[in-house]
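Before I ask anything, here is the structure I am working with.
Lettered A, B, C and D in written order, each chain numbered from 1.
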Amino acid sequence: MLALVYFAWVRESIGRDEERIERPAPGATVADLIAELAGRGGGYAQALSDPTKLRAAIDQRFVSLDTVIGDAREVALFPPVTGG
Amino acid sequence: MLALVYFAWVRESIGRDEERIERPAPGATVADLIAELAGRGGGYAQALSDPTKLRAAIDQRFVSLDTVIGDAREVALFPPVTGG
Amino acid sequence: MKRIAIQPQDFDVAAELSALESLGGGGVASFTGVVRGEGGLIALELEHYPAMTQGQVDRIVDEAMARWPLLGVSVIHRFGRLEPGARIVFVGTASRHRAAALESCAFLIDWLKSHAPFWKKEHFEGGATSWVAARAEDEAKAQGWKG
Amino acid sequence: MKRIAIQPQDFDVAAELSALESLGGGGVASFTGVVRGEGGLIALELEHYPAMTQGQVDRIVDEAMARWPLLGVSVIHRFGRLEPGARIVFVGTASRHRAAALESCAFLIDWLKSHAPFWKKEHFEGGATSWVAARAEDEAKAQGWKG
């Protein structure tokens, strides 16, 4: 299983802040995961249909969307950060 | 009369923090004044014989040593400042 | 000295500065961010990624300490609901060199803006809300420190 | 807000920062200089040119406020005998823009170093004293802000 966590308007659109899914195929990237989740329609499609608005972290490290998920335990999807 | 004020090691060498002197000749610069004072010898010579180590203000404004004293009321002589 | 706190509650700026002053460096710089109450804003809600935030800020602070000769760094970032006038973030740095203290302080706040996993939601009078969009300018500033 | 104080006594950094935070700008930067107690230093004696100091600092602050969009500036410079650990100088700036707050703070402390009429005399254990020499580096930094 792979843990997914969502933040900010990604979380609000999807309507949950975390979930667990079956591990994606070996070689799958974060972008592949996003496309698959967007295919669920509804809030997922609303939140995830435009990957240029999204950023991601794998196991609490920022990664680009073309990063292979590999044996990660947690993938986070969120908008660009606005700290400080 | 012209008021002179001294600070830091200039003041210490001269042994006083202020004095009043006859107005220098028209057209005299701060450098001319420094040379004249250094000519007094003793602490004056010690403090003022190397003008490259000195800075000046006329009526509470920094000036270069080639500035004409003109109708100034107060000339200050001191080392480069070390504030902050 | 390295102090990092990610917390909902306010903090004592004087105590943070005092700790940095006591390190003997001679120069302490700080930046404090405060909620602006403009355009009918009644509150800013800060969400963060708890499992990631501390580690990410820790790495940024380590990078600053490797890059400048710093004796101490203190970073505090609040989360939760903050009203206009409330402090959001504090960065304090201590060094023997005033330029190092000031530059590292600027570096840290720029990197927090674009690399700390926080998101801000604005709450306005009348109930409207809006997620603050990241500014390209902030990312450019953080990138400007590279190289 | 413009506040300038040239005084022998210590000051309340928290109160200064609080006043700047309350201006609504969102960003407050500060620099505090502290006496370092190195090489057997037991005290720093700061002499200044009272008739000139306030006016000179006032002009430097006006220049900063003309150059950056600042909502407030606070400059405090002490004189007299200060022991290691004592605060010497404080510069605080408030702006809507964090870069403006931080840059103007750096500008002000650089200019105070090379353009405020203060002189520092070091007192060491055993009675030796020494006037601090101006550093060419400080003058270069202040000149670097020109243009």
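Quick note on the criterion: a contact is a pair of C-beta atoms (placed from the backbone, for glycine too) under 8 Å apart; a residue touches a chain by one contact, two chains touch by 3 or more.
These numbers come from a predicted model, not from an experiment.
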When chain C is withheld from the analysis and all other chains remain in place, what is the resulting partition into connected groups? A | B, D
Averaging each chain's C-alpha atoms to get its centre, pick out the one most distant from chain C. B
Quick one: chain C and chain D, Cα centre-to-centre, how many Å? 23
Find the geometric centre of each of chain A and chain B from their Cα atoms only, then give the gap between the two centres in Å, rounded to an integer. 72
Intercentroid distance (Cα basis), chain D paired with chain A, Å: 49
For chain C, jot down the residues that touch at least 2 other chains. 33, 98, 109
Of all residues in chain B, which are in touch with two or more distinct other chains? 84
Looking only at which chains touch which, which shape fits best: line, ring, star, complete or other? line
Set of all touching chain pairs, with the criterion as stated earlier: A-C, B-D, C-D
If you look only at chain B, which of its residues touch chain D in the complex? 5, 7-9, 11, 57, 60-62, 74, 76, 78-84
Please output the residues of chain D touching chain C within their complex, sorted ascending. 12-14, 17, 21-22, 24-37, 84-85, 87, 96, 98-99, 101-103, 105-106, 109-110, 141
Can you tell me which positions in chain D touch chain B when the two form their complex? 33, 47-49, 51-52, 55-56, 77, 88-89, 109-110, 112-121, 131-134, 138-139
